[in-house]
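After this come two complexes, each holding subunit A, first together with subunit B and then together with subunit C.
So, the complex of A and B:
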């Protein structure tokens, strides 16, 4: 069930498409995992993949992935069906490896940004050098002052997670800029 | 065709006529012309009136430094721009342009009376003329100054264009595509580095465009230029941007570029932005901005037809325009000689070359003689004549510094050169230091503060050959510094025109210097004698001279006037220039539209507006909104015909009598989780948390280290190790940052982690006696009875089939619940409750009703009833401070003597003696309104509302020693009356909390 009014309003505002594909993904499972580095092995085992330790890098296995945001912070993405299993697995290690596993599935909305002008489109609001964002990695940054996480899935394919309340602003701006690209500017 | 167009010269398309209008008259130019070049080709030098004296003025330059030829341009409705430089605006069919600052017409301007009254308008005239009598200020002086101030007229219609912006990262940014910039780009480009070369002009090439006679690397200059630009265009790692001005140079090599995208186009492409602001972050920056020519300072040097010699050369060689057929050249620098030769070779009858110097190189005088040009070295110019265009000049021989007898020479243009000033603007933005070179009387870049390189004329090197070599070397240096390897090519140059010159103050004259109108700043009408007057009146710093005379304060930022002003001020002070200083250059380099700065931030994107999952429902149901922090929140839900007051009264009644529903999703939420969660909570909040049971809630008070209330909110304990913390809407980010700060810097040993969950949850508050009746059927997994789920409880259960965190809490004093569900379900839950709530006449209410209902209960709003100087005791909330606690943030400050002292302002209630009077929020409170002014203020009203429930007004206030004044009368002076109030407790409604216990 996706009854996300902000998105509907945002979509309704789209007047013309540009060369970059923009789409909003349905919600999936997203956790914020906070755990001390000494307990990484236990956490990796619970998640079923080896948690990366370099900030901005990502590891994936099956439907699950983890992006390292900080020395003790990871963002875990998984399918909707995985939620309960992941919660149970981490609950089982809690006493031995204390941590915080917080469900933030609904905190952010994910926008797919795809096409050979995708980097140009993102440069409208994102101040970081996206050339340095390697395929497969992700980065917490801002887009026109809204906090976002950008994943690079392929050279020209990105996912941008934006806090839900900022969606209309970000989505609107992406579409304005996509029209510029459509006009050849 | 006009007598001034030279078909054999120029880079414009001579066979492509383009018509536009100037002051309503059709003007024919050619594709590639600027407004100025097209007007000059038609023999029109008069383009505007000066700011102060309304003197007739023409273009003095050919580029962006132009101070005089400012025009209004119109493309279509709404697309009007004042103060555009005619020397930069490219023409296109249908362009409408108009002169400025003249009435009724450019040729006959009433304001020119100021020119006759010039003695009144000397330096500092604002400060002198408009001082007395005081009573004249409001009615006479200020309106006069306001009318006279400002050039051009503001647009009156909303700008229909849109403006874009982007970030760009590159290894090397090169500013200025003259010979130095191009050589730098070639060298850097070959290294493989990501290079951006930007130039403000429509064409790249800089001085090469005005010097077709030079040979570079065995080709003619223009062929070389074309080939090299093609080479650059062919490099994938090199980007070229024309019509792109570097407007500011900021920290760590961030440079702002403004790119004009459509101002030169005949038709606007659909969806194209007019301008784009680029925020460039470059590893290395190369500044190759060149130098600007300096005018000479002499009586009547501002007459239309008087122009910089280098600009005349540009008009000829780039635009195929002779600015005069019988020009005279006056100079202190060799470069003007070359301009004279170019004009002579193109058919002009150069009447004379007047050089201030005793001697010039023999090659120059030989070349002049060869062309039959009269050479007058050791001569000066002391005046000009002609009403709207120069007709003649006075030339005097020099004996030492004395001017001899004048000779009048007829002419139709006067080309002047006082030497060249390296363009230091961007370098100065970086706070790089400058050094004075006394030989050339110029400041040059010295110590660098950023990773930048300066090459070419920008560091005082004259000639295309030197610029190419220096630029190539800068390209290599920048590429190397950025981690690349490259070498610079050699570009041998023939027929180069290097030249030298001297720098002067105002020129000697045989007349009274005190009456000379020898202009330095053409746009602000500042003359040499204004500078001397300012010095004699005590302005000894160049910054004071600048402000007193307004020299260099016009939109051209003194590009032409700074050095002349400095030389004259230094002379008047009898000090070297270095002791007088140089005024500060500030961004933007050239005037930049507000549109470019605003970018996308207009209309729907004016500012980030955060919206809740229920925002759309509120909008569909007619809510009025108010901004709260970055959020927009439903303020009230007016029914047809209702105003704020009526709607809020109805919403309050409905909620107290039956049921209200409220979107509380904006409340900040933080998940505090981990084995040390309770210890962390004990340290952060004033309240004790250890004994708070799982599934129970407590009101939490957060102080700053200063002991003042910073935030508050209800906090639920979900498990031994997990708290659901709520914060104020506006405080969410601040509180999380503060908590993280403590955790990371003070208590890294604590095993507890914080996660912002504000947006994870949509929060719906139900308040009123029917709240449970509505909610109970939807709830699974929680017994909703008062015994099983008492006030201040929290439960993780299911509501309407959605996973929920259900709180029983109340910010209204009524039976209340707050349902948190994952945000995606927020609207669905709202609609379920809305539909089922119809049986209870459920009423949606907004923030205003929420404020009234809580004020009736005396609940504070942090930031409204507190102002950053209110302690828990001041707010009457000592009950929220754990008495047995040994520490929490702010605890130590609470024992400071003045925090514990009596007589502090305390939060109290106020009831007006006349129950219908609603106090103004923010109004001051006094004991006796009859006391003499200034009265002693006891405090102020923090919250004030009409209470529909109580049928009277209620207010909260902070009052000195307020709790000792219960029952006392105080007074609130409001417009037109002093309102008598009684000091009361803060709880106006249901003090026994009976309504919570349903």
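So, the complex of A and C:
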């Protein structure tokens, strides 16, 4: 059961009855890292994995992963247990490799979208061609005007992170579209 | 839907990921105190308002979040090219030649 504030209200009015599984994940540990590309080696060492440099690609090691959002921006996902270790490791390199590491765990809610019609369902609000998003990678984009980050975990399995104030809108639209898929539209 | 090539992502993506950000290659005066009111007005407000190829800034706001520059024909809405911020203004004659 998800107890994050606001989520219950968003979920209360919508029930999903379609071919695509829709679910909301518990809060994840999520950081935004901004650092000059000249200091990547130090940051990679602090995080314990090699930060990818192609925008939209992702690297993972154990419970940690990093998605490259821009030339100097990464999104780090980790387990709750990693949070303090990651903060300490980056604090230790701060003087040699200045950066900004911001805890944004609470900013977004993660929705799981799974099933062989997942791409079709996402196309209701997302203008990019998701067939071109490789499994394992992710991308920041829009879903019906709300900024989102979409991860592709398998061919038919996606996670979409939505800023929490847009959750009711996005969740509602996904569920309506799921019902339409069920009805054969 | 308008498709725009982001020079940082090196991908051609739909317009809803982008935001327009005004005319490109307008440098902020190094010492605004030395400017007359007219010169300062021109810097702030007076723009080319081109009919045809226009050098302009865009931002990949719902993507890599970078600002970059583009040459877009304001009549046809066709993008002649996009290039990274800080790069020199591409030669228009060459761009137009490439369109033929």
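The rule we apply is simple: the second predicted complex is superposed on the first by the 180 of 185 C-alpha atoms of A that agree within 3 Å, B and C clash if a C-alpha of one lies under 4 Å from a C-alpha of the other, contacts with A are read in each partner's own complex, and residues count from 1 in each chain.
We take it that a residue touches a chain if its C-beta (ideal position, glycine included) is under 8 Å from a C-beta of that chain, and two chains touch if they have at least 3 such contacts.
Since the structure is predicted, the reported quantities are computational estimates derived from the model, not experimental observations.
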Touching partner for A:93 - first (subunit B), second (subunit C), both, neither: neither
Partner chain(s) touched by A:28 [first = subunit B, second = subunit C, both, neither]: neither
Winner by number of subunit A residues touched, once subunit B and subunit C are compared: B
Partner chain in contact with A:112 - subunit B first, subunit C second, else both or neither: neither
Partner chain(s) touched by A:69 [first = subunit B, second = subunit C, both, neither]: second
Subunit B versus subunit C as contact partner of A:145, first or second or both or neither: both
First (subunit B), second (subunit C), both or neither touched by A:127: both
Touching both subunit B and subunit C, residues of subunit A: 127-128, 145
Residues of subunit B touching subunit A in the complex: 162, 164-169, 261, 269-273, 276, 279, 281, 600, 604-605, 608-617, 631, 671, 673-675, 751-761, 822-825, 827-828
Footprint of subunit A on subunit C - complex, ascending: 1, 8-11, 13-17, 61-66
Touch list for subunit A against partner subunit C, complex: 55-56, 69-71, 73, 127-128, 139-142, 145, 147
Footprint of subunit B on subunit A - complex, ascending: 1-6, 8-9, 13, 16, 27, 32, 34, 36, 72, 98-108, 120, 123-124, 126-129, 131, 144-146, 163-166, 168-169, 172-173, 176-177, 179-180, 182-185
